[in-house]
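Can you read through this structure? Questions will come right after.
For reference, chains read A, B, C, D and E in written order, and residue numbers begin at 1 within each chain.
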Amino acid sequence: MNQHTVKMRELARELLSSGQVSLVLGWEKGNLWYKSPPVFISRVEDVEKLIFDEFCHNNLAKYLMDLVHHSGKIAVFVKGCDSRAINRLLQDNQIKREKLYIIGVPCPGLKDPDDAVGKKQGAEVKNSAKCATCSYPNPVVYDALLWETVPVNTTKAPVEELIAKLDSMTPDERYAYWTEQFSRCIRCFACRNVCPACNCRECCFDQAEPDWLGKANNLSENQFMQMTRAMHVAGRCIECGECERVCPMNIPLMAINKKVARDIAELFGECAAGLDLEKRPPLGHFDLNDPEKFM
Amino acid sequence: MKTIVKSRLAELLQTMAQDFRVLVPVKSETVSQFVPWQEGLTVNLEGNTVLPPKDIFFPQTEKMYKFKVKGSSVDIEEFAEDVQKQVIFGIRSCDMQSIDCLDKVFLTKGYEDTFYKTKRDKTLLVALACTKPQDTCFCESLGLNPLEASGADIQVYDLGDALGFVAKTPEGEELLAKYASLFTEVNAVPQKVEGFNLKAEVAGIPEKLAKMFDHPIWDEVSQKCLGCGACAYLCPTCHCFDISGNVKADQGYKFRCWDCCMFSEYTRMAGGHNPRPSKKERVRNRFMHKLYYFQERYGQLLCTGCGRCIAKCPVGMDITAIIEKIKEAEV
Amino acid sequence: MSIEAVKADKAASQENWEPKILVFACNWCTYAGADLAGLSRLQYPPNVRILRVPCSGRVNPQFVIRAFQKGIDGVLVAGCHPGDCHYATGNYFTRRRYLVMQRLLEFMGMDPARFQARWISGSEGPKFQQVVTQLTQDIKALGPNRKLRDME
Amino acid sequence: MKRVGVFICHCGTNIAHTVDCEKVAKTAAEFPHVVFSTDYKYMCSEPGQMVIKNAIKEHKLDRIVVASCSPRMHEPTFRKCMESAGLNPYLMEMANIREHCSWVHPDKEKGTEKAIDLVKMAVAKVVKNTPLTRSSIPIHKRALVIGGGIAGIQAALDIADAGYVVDIVEKEPSIGGRMAQVDKTFPTLDCSACILTPKMVDAAQHPNINLVTYSEIEKVEGYVGNFEVTIRHKARSVDVSKCTGCGTCWEKCPTKVASEFELGLGTRKAIYTPFPQAVPNKPVIDRDNCRYFKTGKCMVCQKLCPTGAVDYTQEDQLETIRYGAIVVATGFDLFDHSVYGEYGYGKYPDVITGLQFERLINASGPTAGKIKRPSDHKEPKTIVFIKCVGSRDEAKGKPYCSKTCCMYTAKHATLVKEKIKDSQAIVFYMDVRTPGKNYEEFYQRAVDEYGVQYVRGRVSKIYQKGDKLIVKGEDTLLGKQVEVEADMVVLATAMVARSDAGDLARKVGFSYDQHDFFTEAHPKLRPVETHTAGVYLAGACQGPKDIPDSVSQASAAAAKVCGLLSKNEMATEPIISAVNESICSGCGLCISICPYKAIDLKTITERVHGKMLERQVAAVNSGLCQGCGACTVACRSSALNLRGFTNEQILAEVDALCL
Amino acid sequence: MKLAYYPGCSLSTTGIEYNMSTLAVARTLGLDLWEIPEWNCCGASSAHLTNHLLALALPARNLAIAEEAGLDVAVPCAACFARFKATEAAVKDSAETRATIEEVIGRKYEAKYTVKSLLDVFVNTVGLSQIKTLVNRPLEGLKVAPYYGCLLVRPHKITQFDDPEDPVTIDQIMSAIGAEPVYWGYKTECCGAAHPTVVPEVGLKMLKSIYQGARDAGADCIVTACPLCLTNLDMRQKEVGEQNNTQYNLPVFYFTELVGLALGHDPHTLGIDKHFVDALAFLKNKGFLNPVQNRRDSE
């Protein structure tokens, strides 16, 4: 058992047994060695289920929305990206800070579970693509930091290369590329449901009236869906990369989100989401001197 | 046994493609699925496809009929569908079982779904035996034989360098005879199947679930579900659909498309009421349907042990673990 | 439809094809500017259809995608000049959304010229004429839009 | 099925000459939901409206489309027509086939085609229309004026004269404001106090005006007609009802401190009125400096007060009052010139501001009106005036023109020449801007009759040399360097917003610009209103202004207030945003986007799984919402929708256009 | 502490005493000044009038060498300092400029380290308190007029050091060594640069106002940090005095000379004997040349 896991269990045990919290959100080990799904712990004896390893991908902050009416305080483990989700949810008035005990876990970067499929436990596994461009591996909000912060890596991730490649294409080539991607979409909405920026009570895609999105799965509707989602999360996306990870069809969704984030930074100045509670999302305010060369 | 070396498989498929629409498992950079054979494709003989073959008979979106309003009457016109005879090559035991499930839903109990039937009737199924189960496979636990798919017209065995073909139905015989020149007759023994990583004990589960509708287990099981449709849309047996329309002024068409009981709007009614208001009820429904309701109606489980949902669930929900929980639950 | 097919289609239909252009016009400035163009009898191509909204800030980017889905060849969002918004700040939000949206459309492979925005005041009848004339020419040069379109 | 009627107007030949109206009507008859369609020569005329009314009756129409001129022209006409036919006026849409079609497209075929499209869009929209009703909000007939300077006093007097009760809240112990500090006023050179003090007294004695001095705004809630304003009455330490203003206390008070009113050039006591003509003429105790409050000893004022009015135990008091309208007249501050190293960083005692100069020449000022240098009290012979200090300077100051400095500098220079006969007044300037009645003449007199020297150029440096100030600069007209040995330098520092202007704006809820000046609703057409209904602006809080401008804006604001208060209730436009509470997740993004502060979060209780749970949702205040719809786009889940321009309506129009 | 040191041409010629005194004082203060090897001209006054790129490339080469050594750069001469700072700012400002410059000089230069004027180094790197503790000959009673000239603190956006209108660093250093800085109005006036030679009717007038200002303020001498200012103020003093029928008798010092003196250095080591207006005699008169006990520097 690694030291991280030991520290997690220690703190969780103390929090639960002292009654400081009544629920702990963490990760556990299931039947597969390369998956560390979420676990909800409310009894001290279950603390032994908690683990931390390189497959703790799930952002537990998303569950806090289900638990707004939970009586008592909730302890939640957050990596850097997850902590930004906490800030975003606080900003979106979806959770209450005083009901949380946030335990920061500086994240060394995770491994790609898809690459582990079929391999023996302990085998060499590729790093997860979503962690490659991470600028905030260390939690930005927490009540306790469980271990020392980690240095920020600045390697260029494949997603950046993809964006650069797309940028260099002609519009028709780009369109053809995205056509190929979006034709695969099966509309399972895993991207949306895992996304902490998608925190509407009822998604506009699920509404019958207005009929924003048709039920039919065709290219045009899929394009509408993904472009609308890109606009909805614009300036609110914390770039955790979960949408892309969970997409069963491997659609490179983060290329869109990263591109939009970069555009926004270029247009309106750096405004990475979920870092500063006071900073409003870039599409929620404006500056008199915003660029408008298009006029 | 009729065999063909793997390097000549393409030749066989190419020849077949002159007479049939041939669907084969292909793995691309992004996804693996059944696609119509084309020269140059590489058939994936390793492991199963990410997307099940169910959309061959039951497409995700399927147009049903056109209509046009004229005064107080409506003109209805069906879409003329030109269905070719087709062969699905390389289908695994689990997916063969799922086709059996779908057949039961769409073709039995007094109603035959014509959209499904037209395509199903014109299909020959060439099953491929599994020797290496994937990490998430557990078909054996459900009583399936990974080496012998029931219902297949032809069973294919992996013999290492070659593939061995055995006809299981007259239609299968006919097909093999048609391309006999491509095969060599060899005495061969199919490989044995390796051990399974996952197991599930389903004996008694349906009976137990009958008493577990209000059991607290559902609160726990549903807790981490995100309510997405990845499991259902990758499931070879899930077959729920919705009917919707595309209307422009006084004309349009109706279509049906896959739906998923995990979605919040799945059972939402026009007035806004939803009998399955939270994910607890939805998750319960999913597993009840898989492991109890279907058994009750059709005498078999609606799970084939293909493991796709386990592999792709964003939050690592694992049906074998849930079966285990049900087994252990106190009723 | 493949790109080649689109190109062929474009070439074939160029002759007598006329683009359909949707203009979202804010009630207080651009709609009034278009009225003034009418009062002044300033002629412009009949391809534009004006959809009146109270403020350019009311234009949801989803309306724009919907228009392209349904077969519009070009969209113009037009509102009051910065500082002149009848509702004080609506056009500043429009400006931000528009910039992000246009770049997104471009990234998706749309030609950015198909989605434009302009500030046209109630006194700028001639500007309205000039903008929609130019826009029509731009779109004509691009040919019919097939991208994002619901072909079903 | 809806029952839509379509009415195509020929507008004489205005439409008909390039649009085949009959064909449009015939085509429209085939559109879904259309049960009646016709064309007519003049739809807006009496007989035209009869055509509509009869058709509504005859064909049981439940909504109509009129295709004619711009809705900006005749929408009200046809809404009234609907009403008189017994239908909700909002079940009508117009297709603009004149301004947007017949007048701009000479080709009849194409014009007709476009007209058909426009009608099709209107029909698609009207099918989705729902009846809307106007509502009304009550108006509370009492006004609040924040700030008791000349603008506030004028606004209050005008409102009070119209018969409404008005309260002036002033944070200083006396009303009067900046004008009370000024000596003479341009261009007439009449004494500022002589024209201001009668107004102050009028305000104090007006039966409809309450002076609420030494008080500040704590909180503002509510909306037009119904503001709930909490006022903090700062502890005066003097019982105003007992005090007669005899002056014994401040004569005998042993503590002297620098007087704010005299801008540091004079002193006052710890118990004081800011200036002799103060209204109310009742003192306050400056607790930070009072010997009793600092040491617990002294109590001279209390002992000597003949009426026993001094009360050390007073505490701040909060009072909440309801108002129908608010006038904000909080005035300005002066730019702090200590950022300018070239002018000595504010360290030279004889480099003073224009307002300090006002005090130096004022007969009741610290020098009794004799111009004396602050450093050695000598009479200066050479006085240099520097204009645009802090204004028109993007690097260190403000980019804007402070508007009044050219005139007051000309006034100061004139007064120097008048008071010190053998003096020299030299003005360094960038431009001389004198738009205003008799302003240019005044400036010319300063130059021609008084011999004030105007040097066009900037000053690069001031430094002290002995008891002189060396002013180095450039005369750009002569292209030469200039060096002046001055006795005193007067800086025309810019008017800037009050340092707490932003706080107040946020409290009341209206916008302010990058310089913290309050933003008017429209720079040309609504110069005294804010974007917040019921809140008006007067005076220099909105931007640099001289006295006549401030007074006229104050009267304008008062007129707006009277217009509002004259009504018992105010009708509200039904085209406003509405919240679908079942969908709203209460994220609040709409709140910051609304320019009118019309959206708030409210807590609702609902039954979920048999439990009563609370959650927050957005709530639109129908009194404040103006119907711009910006919030609807910010709302990702479409929980907010704009009535009259709903998502459904706009999508229907878009779809219809593409059929 | 170690700093790269760029003396520049003046400090090997007309301003040699600035170099001498700087090096002497630096040793005492514990400053390790590493002279940039094979330094080249900073380009001051001619390059930036003729070729913008050249004006940036010349300082950049020197800075690049210092950057390779990983050191901040100390620059005594005000003109060099101005050029170096301008280059640093230009490189930081634009990646494009940086790339062009790097191509021209054939080296990498990313402006990772800071260019500091010698005054800055004394006040902020060494620190006033450190100087104070090392003084063993306080210059008590010496009234000095601190003269900064035009280049040292302006434009402030680029120099990023001291107050552009009322600089105080020399004043502070003078106070630290016991001297008394006078307050006067000519701290940042222009000394005339080349004008006293080229257009004497303009240049000499400028000098006159400075002498007059210093005298009116009661100063005994002028102290500066710029070799050109010193040359002008020192060399032309007699001439200006004669033109105006007076003798100013205002020796002009580099601040390093006076610091050196206060730290106990020999005036010859500091180059104080190299001035036009007789500084040695002046100092002797003031009683600052008496030998001190516990000399720190015994060369």
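What we mean here is this: a contact is a pair of C-beta atoms (placed from the backbone, for glycine too) under 8 Å apart; a residue touches a chain by one contact, two chains touch by 3 or more.
Computed from a predicted structure; not experimentally measured.
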| item | value |
| --- | --- |
| Core chain by centroid distance, with centroids computed from Cα atoms only | A |
| Pair exhibiting more inter-chain C-beta contacts, A-B or D-E | A-B |
| From subunit D, the most remote chain by mean C-alpha position | B |
| Subunit D and subunit E, separation of their C-alpha mean positions in angstrom | 54 |
| Inter-centroid spacing, subunit C versus subunit A (mean Cα positions, whole Å) | 35 |
| Residues within subunit D bordering two or more other chains | 582, 593, 634, 647, 651, 655 |
| Subunit B residues counted as touching two or more neighbouring chains | 246 |
| Sites on subunit E at which at least two other chains make contact | none |
| Partner subunit D, residues of subunit E touching it in the complex | 163-166, 183-186, 213, 216 |
| Subunit D contact footprint on subunit B (complex, rising order) | 69, 248-250, 272, 277-278 |
| Subunit D - residues contacting subunit B, complex | 31-32, 582, 608-609, 655-656, 659 |
| Residues of subunit A touching subunit C in the complex | 166-167, 171-179, 204, 212, 214, 216, 218, 220-221, 223-224, 227-228, 230-231, 234-235, 256, 259-260, 263-264, 267-268, 282-283, 286-288, 290-292, 294-295 |
| Sites on subunit D touched by subunit E in the complex | 340-342, 345, 461, 463-466, 470 |
